[in-house]
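Two complexes are shown next, each including subunit A; its partner changes from subunit B in the first to subunit C in the second.
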Partner chain A sequence: MQPIPLRMSEKWAWGALGLFGFIGLWAALSAFGIVPRQFLPSPIDVLARFVHLLTNPFAGATLPQHLASSFQRYAYGVLLAAFIGVPLGLLMGWFRWLDDVVTPLFDGLRFIAPIAWVPFAALWFGVGIGGPILIIFAGAFPPCLINAYRGARFVEPRLIEAARMLGTGHLRMILEILLPAATPSIVSGLRVSAGLGWQSLVGAELIVAAAGVGFMMVQAQANVATPTVMAGMAAIGLVGMAIDVMLRQGEAWLRRRRGLQV
Partner chain B sequence: MIGRRVWVGLGSVAAVLLLWFGLTTATGFVSPGRFPSPADFWLSLNQIATRGYAGGGLAAHALQSVKLVVMGFVVAIATGVPLGLWMGWDRRAEAAINPIFLIIRPIPPLAWIPLAILWLGLGDGAKIMVIWFAAFVPSVINSFAGVRNIDRPIIEAAQMLGTPRWRLITEVIAPAAAPMIFTGLRLSLQASWTTLVAAELVGALAGIGFVLNMAQQDIYPGMILVGMVTVGVLGWATTYVLGLVERRALAWNVAGRD
Partner chain C sequence: MGSIRFDKVDKVFGPASGGVKALDDINLEIGDKEFVAIVGPSGCGKTTCLRMVAGFEPPSAGIVSVNGKAVTEPGPDRAVVFQQFALFPWKSVRENIELGLRNKNLPKAERDGLVAGALRLMNLESHADAFPHQLSGGMQQRVAIARAYVLDPEVLLMDEPFGALDAQTRVVMQEELVRLARVNPRTVLFITHAVEEAVYLADRVAVMTRRPGRIKEVLDIRSVRQAESWDRHERIEDVMDLESFVHLRTQIWKSLREEKGAHGV
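Up next is the complex of A and B:
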């Protein structure tokens, strides 16, 4: 059911009303002291703190430095998941026996929330960089594997038959037929992975880290520095959104090149 | 007859269990301080099930976690589904609420944990709040998409027959959007578990995440593994129950899908 579309001006007016209503309510709750300012700082306070944190350190580093160390772990974890998950998925899509061997194990592990690896991550790596990477990997791995596998399984049989008739070996079949054909599916899997990895990173840093935005937020929480907690949330949201926008652009570009529906 | 697939699957699970035994107990390649042996796992399971650990038995901790997930989930459905239906129905509501969503959505539910603890402390309230955040967004988006996917003639036919507004919502729009809503719920259930475990790891007084936290602090690998396996089993079980509810509620739809 598609209701009648609004005119552009109406749409903007309602959007502005909603946004200002939301921010106004937030500002009013803290300004009139309905909620103690210590627990709900005004939007201005949060913005001021955000700007303040850009140059002044909290919990040992400034906000950009915390973001940089978070992003480094994140990149390692997601890349590791992609470099293991995608090839394994393609192999599972081609070799039936591997599919039969791996799938039950994978299905069993998948129900364990990535964050539940935290205690082992702490036990094995302390607060070093390995712990968060393990947890990001646990969050980002399943979509990489599943999408590569599905992409490889749903390649047009004609392509495989033609290649097979021409005597293509296993390696070339995977690299030159399955991989290109599965690329759109793999890329959308990577996008999902990137999002889940970012979520896992935040969770990991809340518990096992000595730097990073999550760590900064936990320290701020312990000090009842609510504006800092909220500035951290804003930073996490902004970076997550930037990652998503970039990957969406990449995916759309790839799909256009392939002549697929965007 | 049991297929080849099942045998290979059982074989691979058995191989992993054997490998586990081989690396820990038989050869000591992995030290018991790093990863528990099957015997350690069994002893820990026995301990928490009979004598209790971290202030309660396994059943009590599991029940606490399930209770919070269900409560957060119910609150999210009760608020998210009506909002999504409304946004799907009314362009003005959509135009007004969408920008707020654009701001809040990119913040992962896990990032709300410190704020939830500041606001509501270490008790149940903070956990319900973060689970609500995890499950609320998918509920809204899928209810919204559900309404937008309803065939216009269905609604027009109901309106032509003079269906009052309330009955139109409860008897036409909500059921027609239900399959889509359930898709959203299945997505958000897993997110709810992740969020709850994280919240309980950060600060709690009971629950499976609390067990994991205590085991981590006690450096007790056997109990860590027990906690992880319990999280997996509970996640699987709640997904299964949601599937049953869906089958029950949407018999007309699910039957055709299989």
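Up next is the complex of A and C:
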């Protein structure tokens, strides 16, 4: 039996139920003192703190300022991963020897969690911008490379044959055949990269940074300012969602433009 | 110049010993500007013959040569028209046709002239800036033919080019191809399983056996076409009604049916 698809309004209603249910449960836990307030601040406290932090500095900057410095590192790290990962993936998808050279190394490296680079990030860059970028890069690079590679590798063989028959050289093959054919796969990879990069970022900032949301949260924890910690978490979640929504829109737009409506 | 030669060609798929023998001792010569069709039951290896001339696959034994030179890789001297069109979905009609010319490093002005000519030849002028997915199957195949013709190839390789089209479109395209062949004759290797199509289009028809594919017989159509002056008829159905056409068609049908019968199909 086919489940009946939900209408958009019903979908929103169920989503709202989940969200408010969660907040309600959370409010109840702290309101009835089931968990001490110090350990679990109430939703109202967190919201108030969030609003307060929008204009009042904590650990040297307001929340938007912390977010801005986080986002800057994040953008550098993810862009670096994309600018190295996507071309390398495409090249590996075309030149078999390069695939053979890189794949064993890459397969080993990609299972090292981004956070495992923290000691070296601290050693090499101190609290400079290089450390977080290295860690974000470690998180964002593998999906960029893998998706570009798979996209290039699984191009419809007829299209490759047609291009070869037309006398297409290596560079043009990569730029005009593999790249556009792999674009949907690359865009999905970038979305995954963007998510992993954002997750890795905050981890990085907990340890190697002198500003940013992660830094703010560590400072707050040291002062047992739990609402501030949670406000930071909420900000991370919201920004992450915003990034994902934007990239989804971009992906959908790209598909429509190509006439590949899904 | 564009002659094709298969010389004692075998093709084995899979491991050299214990693989599946797809083609067995293929010998065929196609002269300059000659149109040869290969017909055969599906899976007989007729497309493999074409793919070896295109340079997509090497023969396991023997030599496939074009103009006396063994084929080693694909190239624009041997343009291919694929059954599934194989147009680049992200390129417009014009860009699809232009790619091969850009690969030849022709100057822009010359490319524009050649593309315009190819668009006119295939009646595609009003669709030059459309993308493949906006066109019907017949239109897409026109683009693929224009893309091949614009290269001015010595040899044109057509792999069941009309197999994915509906019956009416197919007839229009067949007539179109005859018109093209008159205006601009090429050496053509044409793969099909449609007997009428082969008899209507080709100078000679090679009939292949079931796997392992061998060339069973080669029928001369051109001498009959000239003797019975098929070309005075504009429409394909008028040609198909001629007794000489029916005779040849039946002869090929019988030849193919023996193949099927022999294996209980």
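By definition in this document, the second predicted complex is superposed on the first by the 240 of 262 C-alpha atoms of A that agree within 3 Å, B and C clash if a C-alpha of one lies under 4 Å from a C-alpha of the other, contacts with A are read in each partner's own complex, and residues count from 1 in each chain.
We adopt the following convention: a contact is a pair of C-beta atoms (placed from the backbone, for glycine too) under 8 Å apart; a residue touches a chain by one contact, two chains touch by 3 or more.
Just so we're clear, the structure is a prediction, and the values are computed from it rather than from any experiment.
Legend: residue contacts after superposition of the two complexes on their common chain; A:R172 is shown touching subunit C, with no touch to subunit B. Residue contacts after overlaying the shared chain place A:G237 against subunit B, while subunit C stays out of touching range.
Legend: residue contacts after superposition of the two complexes on their common chain; A:P180 is shown touching subunit C, with no touch to subunit B. In the superposition on chain A, no contact is made by A:R248 with either subunit B or subunit C. When the shared chain is aligned, subunit C comes close enough to touch A:A162, but subunit B does not. Counting residues of subunit A touched by each partner, subunit B versus subunit C, the larger count belongs to B.
Look at A:G108: by the touch rule set out above, it reaches subunit B but stays clear of subunit C. Residues of subunit A that lie in the contact sets of both subunit B and subunit C are absent, per the superposition on chain A. Contacts from subunit A toward subunit B in the complex involve residues 1-6, 10-11, 14-19, 21-22, 39, 97, 100-105, 108-109, 111-120, 122-124, 198-199, 202-203, 206-207, 214, 217-218, 220-221, 224, 226, 229-230, 232-234, 236-238, 240-241, 244. Those residues of subunit B whose C-beta lies close enough to touch subunit A in the complex are 4-5, 8-13, 16, 34-35, 88-92, 95-100, 103, 106-115, 117-119, 147-152, 154-155, 173, 190, 193-194, 197-198, 201-202, 209, 212-213, 215-216, 219, 221, 224, 227-229, 231-233, 235-236, 239. On subunit C, the positions that touch subunit A within their shared complex are 54-56, 73-76, 78-80, 82, 84, 86-91, 99-100, 102-104, 131, 133-134, 147, 151.
Of all residues in subunit A, only 156, 158-159, 161-169, 172, 176-177, 180-181, 183, 258-259 touch subunit C in the complex they form.
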